[in-house]
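Next come the structures, one after another.
Two complexes follow with subunit A in common, the first pairing it with subunit B and the second with subunit C.
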Partner chain A sequence: MRQRSLIAITAALAAGALTLTACGSRDSGDKGSDSGNGGGSTVVIGVDSPLTGDLSAMGLGIKNSADLAVQKANKQKFVKGVTFKIEALDDQAQPSAGQQNASKLVSEQEVLGVVGPLNSSVAESMQKVFDDAKLVEVSPANTGPALTQGQDWQNKKVRPYKAYFRTATTDAIQGPFAAQYVFNTAKKKKVFVIDDKKTYGSGLAATFTEEFKKLGGKVVGTEHINPDAKDFSAVATKVKNSGAQVVYYGGEYPQAGPLSKQIKAAGAKIPLVGGDGIKDDTFMKLAGAEATGDLATSVGAPVEDLPSAKQFVSDYKAAGYKEDYSAYGGYAYDSAWAIIEAVKKVVDANGGKLPSDARAKVTEAMQNVSFDGVTGKVSFDEYGDATNKQLTVYAVKNGAWVPVKSGTYTG
Partner chain B sequence: MSGIGPPEPGEGTRAWESRREEDAPAPLAARYARRRRIAAALAAAAVLLSGGGYLYATRPQQPTAHARRPYPQVPYPAQVVDLTYLDARPAPAGAPPHSFSFAVLVSVASGPPVTVTRVIQPYAGLSVTTDPPAPFRIRVDSARKITITMHVTECGKAPRNAGLPFLDVTLRNTRAIQEQSFIPGPHYAQDLSHALEVACSNRNR
Partner chain C sequence: MNELPQQLVNGLLLGSMYGLVAIGYTMVYGIVQLINFAHGEIFMTGAFGALTVWLWLPGGTSMWIALPLMIIGAVIVAVAIAVGAERFAYRPLRNAPRLAPLITAIGLSLALQQAVWAWYPEAKSARTFPQIAGGPFEIGSVTIQTGDIFLVVAAPISMAVLAWFVMKTRTGRGMQATAQDPDTAKLMGVNTDRIIVIAFALGAAFAAVGAVAYGLKYGEINFRMGFILGLKAFTAAVLGGIGNIYGAMIGGVVLGVAETLATAYIADIPGMDKFGSQSWADVWAFVLLILVLLFRPQGLLGERVADRA
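For the complex of A and B:
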C-alpha cells in the first residue's frame, strides 16, 4: 500500500506539473476579440474600411490591427468591467457605402468609437453622421487637410467636426515633403503630375505641385485618370513626349502600379513618385521589375526605427492574421487604442461605470488622450490632427520599399 | 506561430515506465525490492517535478510588458530629438555679407546624450554654419539653443518662397548615426523667405 501511495503521489504531482504547463500555454493564439472580462459592459469599436475590392489590402490591415488592440485591452483588462469588441464594416472605398456604415454604427448603442475610414473621400461622407451623434471617429489613414482644418485650410484653419480625429499626418505636409525630396535630393526639375480626381489624390497632387513650383521646379504636363481604368497608354505617351524627369501621381496603388509600368513601357524610363496611397507591396506586383527607383512618401517613421512598432509587428504575426498589416496597421492599432484610452478616462471618472452620455464623454475625452503608441507619442492638436508628424520617403529596391529619408514636422 | 499544441513530454516523464516495472512480481528479496521501489518512486517524483517545472518555466506565452524589453534599448536618435524653431536673429559680427541667422532649440527626450554632428540645408545657393559649431552634444532634459547662420552664395539658386523648408541634421548616439530632416514649420518658412528677399534684393547686392 505504501509504495502504491507513493506512486499515486508521484502520478498526481506529474499530472499537476503537466496541467500547470498546459494551462500556461493557452494564453497565446486566442484570437477572440471579446474574451477576457466576463460580465460588466461591452463596448463596441466600429471599424470602417474597404474589406473587399482593390484597396482591401490596406483595409484588412486596418481591421486586423484594430482587432489586435482590442484583444490586448481585453487580455490586460485595461478598462475594468469593460469588454471591447470590434464590428468591422466594408465601405468598398465608396463614400455612399461609408455613409450607410456610419448610420448603422450610430444606430447601435454599444458602439462608442469608430476606427476608419481609409479614404478621405469616404470620410467626407461619414463625418457629419458621426458628429451629429457625438460618436468619435479616429482615422488611421485620411490625409486630406480639409477634414480637420476646413475647406479653406490654406488661408484660415477652422475645425469642422469635433468628433473627428486622425493619427495620420496630412497632405499639407506630405505633398511639400515629397516635393522637397524630388527637387533637392533627387535633383529632378521637370515633373508630370497625374491624379485620379478623388479627394485624396487630387489634394495630394495639388500640395506637391505648389511646393515644387515654389522651389523652382517646372510642371511640364498634367493629366487626370479614371480610377476604374487599367489602360493608361495614352497618358504614358504624353509623359514620354513631355520630357519630364519624374512623374508625380496623386492616387492609390491599384492604378499607380499599372501606370508606372505603362509609362516605362512607353519609353519614359523615369521614376513615378506617389504618396502613402501607393506604398503597398501590391504596387510592386502591378508595376513589375521596372518599378525599381519609384518613390513613395508615407506617414510615420520606418517600422524598424521604432521599438514599439517592432512589438506590434511581432504581436501581429503571433495573432495569425492572414493579411499583412499594410501601410496603416500601426496607425489603426493606435487609433483603436486611443478610443480604448478615452473609454478608460470616462469610466474612471464615473466611478468605474459607463455614463449614460458615454458617446459624448468619450468624444470629449479623446481631445486629451496621450499615450506611447506603436507609431510614437499619440495625442491630438486643436484640429484633431496627430501631433506626431513624421514622414518617410521610400524607394523601390530589389522589389521592396526601402526607407531613404525621414523627416519630422516640428512647426 | 500562434497555436500551441499539447506539451511535449519532458525529461523524466519516462518515470511512467517504472510503474510498469512495479507490476512485475518479485518473490525473492522482497524487502530489498520494496526499498528499491520506494527509492525509484521518490527519484521519479523528483525528476517529474523538475521536468514539469522546466516545462512550465519554458512554456510559450505572450510576452509581458516587461518581457518585451528584456534590456533597456537605446532609442534611435531621430526618435528622441526635437528641433523647435525660435526666431530670426541678426547675423553675428564678422559673418560675410548676405548672411542671416535663426535660433532653434534642440532637445533630447530620452536615452543617452545625442551628438549633432552636422547641420545642413538642402538648397543650392545657401551655406550653413552653427553656433556652437558641430559637433556638439545634447543631454536629456538640457535643451540647447543653437544659432544657425546662413550665407547666400548664389541668389538664383536660393528658394525665395519655400513652403516647408528643411534643416537636415545628422544625429549620433550609442545606437546609430542618422540624418533626419526637420521641418520647422510656417514661421521658419516665412522668416527664411523674408531673409532671402532682403539678402538678395538689389540694394543689398
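For the complex of A and C:
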C-alpha cells in the first residue's frame, strides 16, 4: 500500500512539475544599448516575445528589430529630449509568462509602449493588463482576428481593447488567401487540414477551410495535433491514406517541420502549406530536404523586395545581431517605430515635454499614426488592425523560402 | 488501403523507445524504491552527448563509423551523469524519508534541463541531429523509415542483453538479491552500494540508446525533450508493473500502440469524432492505464517478483 500511495504522490508531483516549468520566467537582462542623449527623459519600450525555447528564432528577431528601431531614433534624435530604451522580456510562448511580463511592464513608469507578443494566445492573456493601464501594445505578429474584432468577429465586429494594435494582418485574410492560392493557382482540390489547437493555428485552419470549401474544394480529413508531441507518424499514415493532394497546417514551425518530414516519409509526397508561423528558416532544418515545394503565406510583401526595406536589411546586418530578423523583423521594427512616432506626437503637442498622463496620450496618438515603414505604409483602422493587407506566398526551394506570388486580399 | 499494419508498426516503434527509457525507471525503482525523476533528463543529456561526438567528428564521416561512436558518446555522458547523481544527490539520502530523494530527483531534473539550456552551444532552441542516408524500406504496405531501423535493431538487442545480464551473471543475480531484500543481500556478501550504482548506470545506458534512436527518428533534439518522454516512460513502467524489466518494455509497447491506434481509429467510431485526434491520444493512453491499474494494481507483469531487478 505504501508504494501505491508513493506512486500517487509522485504523479501529483509530476503534474506540479509540469506546471512549474511552464510558469518559469526568465528575464533576459538585455536592455537597450544606446543612451547617448544625456539629460532629457528616458522612455522605455517593452518587448515581449519568446526569447528561449522552440519559437526563439522568431522571438529574438523581434527583439533585435525593435532594438534597431530604438537605436535609430536615438541616433537621429528623432524625439527631442527623449532617449529610448528597450526592455526585452521572455514569455517562452506561454500565456502565463506573458501576463507576468505584462504586469511587470505596467509597473514600470518609464514604459510607454510595448512591442509584442509573438503568439495570439499570449496576447489574449496580456491585453486586459495593458488596457487597464492604458499602456499601448503593438504586436508585430498576432494574426487572431478576435484580438481586435471581438470573439464574435464573423458576425459583429466589436473592438475589445483600445490599447491593442498590430502591424500584422489577420487570419481572416491569411487563411482565405492561402485557400485561393492552393485552389486557383496550384490547382489542388483535395486537402487534409491539421491544426495545433492553439488560438493562432485553429483560427488559421478554420478560415482556410471555410474559403476552400466555398471555392469548391474538398476537405478529405482533419486532425488536431498536440503541440508537445514530436511523433506524428500516426497522423502521417492517415494523411497518406486519405488521398489528399495537399496538407494545410495551422500552427508553427517547431511542429510543422517534423510533421512535413514525417508525412513525406510515410509516402505521401504532397506539399504542406502553412501560415506565417511556419515561415522561418528553422522549418527547413527540421523538415529536411523533402520540404522542397512546401508553401507558406506571410503578411506583407517580401521584406527583401521592398525598397523601403532595403535600408532595414542593411542596417540590421550592420548592427551585427547574432540572430536573423526572421519572419516578423520588419513588422517588429515598424511596431517599435509606431510607438516612437506616437511618443513624438505626444511630446510635440505638449511643448517638448512628456505629459504626466503620457501612457493614455500615447495610446490615443497611436490611432492616428501614419508613416512609411519597412513593410509599407503603417497605419491602423478603427479596430487597431493594420491597414496594409498585402500578403505573399512563399515556397521552399533549395533550402530557402522563395516568394512565388504577392498580392492584396480583396475578399 | 488498410492502414492497420502501418499504424501498428508506428506504435511499436514509438513504444520501443518508451520501453528503452522505462527500463531505467523500473530498475532503479526495483532496487532502491526511488522514482528517479531525473531519468528523462539523463535521456536528454545522452542525446546531447551523441550530438557532441557528431560535431567533433570531421564533416562527412560515414554514419556507419559515426553511429557506434555516437552511441558510445551518449552512453558515457548519460552514465557519468547518472552515476554522479546517484553518488552526490541520492546516496546521502539513502536512509532519509522516501519523499526527500523524490524531491531531490525533481530538482535534479530541472537543474539538468537548465544546465543544458544555459551551457550547451545553441541549445536554447532545437538542434538538428544527423540522419542516416537512404530511402525508406517498404515491406508490403508498411513503410519503415531509415532512422527507425536503428530502433528496430537496438531495442530487442538491448532487451536480450539486459535479460542475459540479470539472469546469468553474478552481478545480475546480486541485483535480484538486492531487489528482494537489500539487508539480507548485504549479509550474504553482496556489495549493495555497487549494485545500486550499476542499476543507475545500466538504466542510463539504455536511455542513451533510446536517445540516439530519438535523434535519428525525429532529426532534432532539444533541452526539453526528456520531460514529456520521461513522463511517458514512467507511465509505461507503471503500466508494465514497476520493478519488472520485461514489464517496462511491454508497458512501453502497449502505451505506444494505444496512443497510435487512438489517433488513427477513435475518430471513426460514430459520435466520437471530437475525441479522436492526436491531441486526445494521451487521454486515451491514460484511460487505458487507469483501467489496467483498476483490475491489475500491480501492472501488467507485476507479479513476477523474482524477475525484479
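Annotations for the structure displayed:
In this section, the second predicted complex is superposed on the first by the 374 of 411 C-alpha atoms of A that agree within 3 Å, B and C clash if a C-alpha of one lies under 4 Å from a C-alpha of the other, contacts with A are read in each partner's own complex, and residues count from 1 in each chain.
One rule holds in what follows: contacts are C-beta pairs under 8 Å (C-beta built on N, C-alpha and C of every residue); 3 or more make two chains touch, one makes a residue touch a chain.
Here the structure is a predicted model, which is why all the values come from computation and not from measurement.
In the superposition on chain A, A:H224 contacts subunit C only, with no contact to subunit B. Touch criterion met: A:K285 reaches subunit C, while subunit B stays clear of it. Of the two partner chains placed by the overlay, only subunit C lies in contact with A:P258; subunit B stays clear of it.
In the superposition on chain A, A:F177 makes contact with subunit B only, while subunit C stays out of contact range.
Looking at the shared chain after the overlay, A:K353 reaches neither subunit B nor subunit C.
Of the two partner chains placed by the overlay, only subunit C lies in contact with A:K238; subunit B stays clear of it. Shared-chain residue A:K128: touches no atom of subunit B or subunit C.
Once the two complexes are laid over each other on the shared chain, residue contacts for A:K189 go to neither subunit B nor subunit C.
The interface of subunit A with subunit B overlaps its interface with subunit C at residues 3, 6-7, 9-10, 13-14, 17-18, 20-21.
Subunit B meets subunit A in the complex at residues 1-4, 6-7, 13, 15-16, 19, 22, 34, 37-38, 41-42, 44-45, 48-49, 51-53, 55-56, 59-62, 68-69, 73, 75-76, 78-79, 82-85, 122-123, 159, 161-166, 178-188. Against subunit B, in their complex, subunit A makes its touches with residues 2-3, 6-7, 9-11, 13-14, 16-18, 20-22, 24-29, 31, 75, 173, 176-177, 180, 184-185, 210-211, 214-216, 301, 305-307, 311, 315, 318-320, 376, 405-411.
Residue ranges of subunit A in contact with subunit C, taken from their complex: 3-4, 6-7, 9-10, 13-14, 17-18, 20-21, 52-57, 197, 222-226, 228-235, 237-238, 240-241, 254, 257-258, 261, 265-267, 282, 285-286, 288.
Of all residues in subunit C, only 1, 3, 6-7, 10-11, 13-14, 33, 35, 37, 98-99, 102-103, 106, 109-110, 113, 117, 124-126, 128, 131, 136, 143, 145, 217-220, 222, 224-225, 227-228, 231, 234, 238, 242, 259-261, 263-264, 277-282, 297 touch subunit A in the complex they form.
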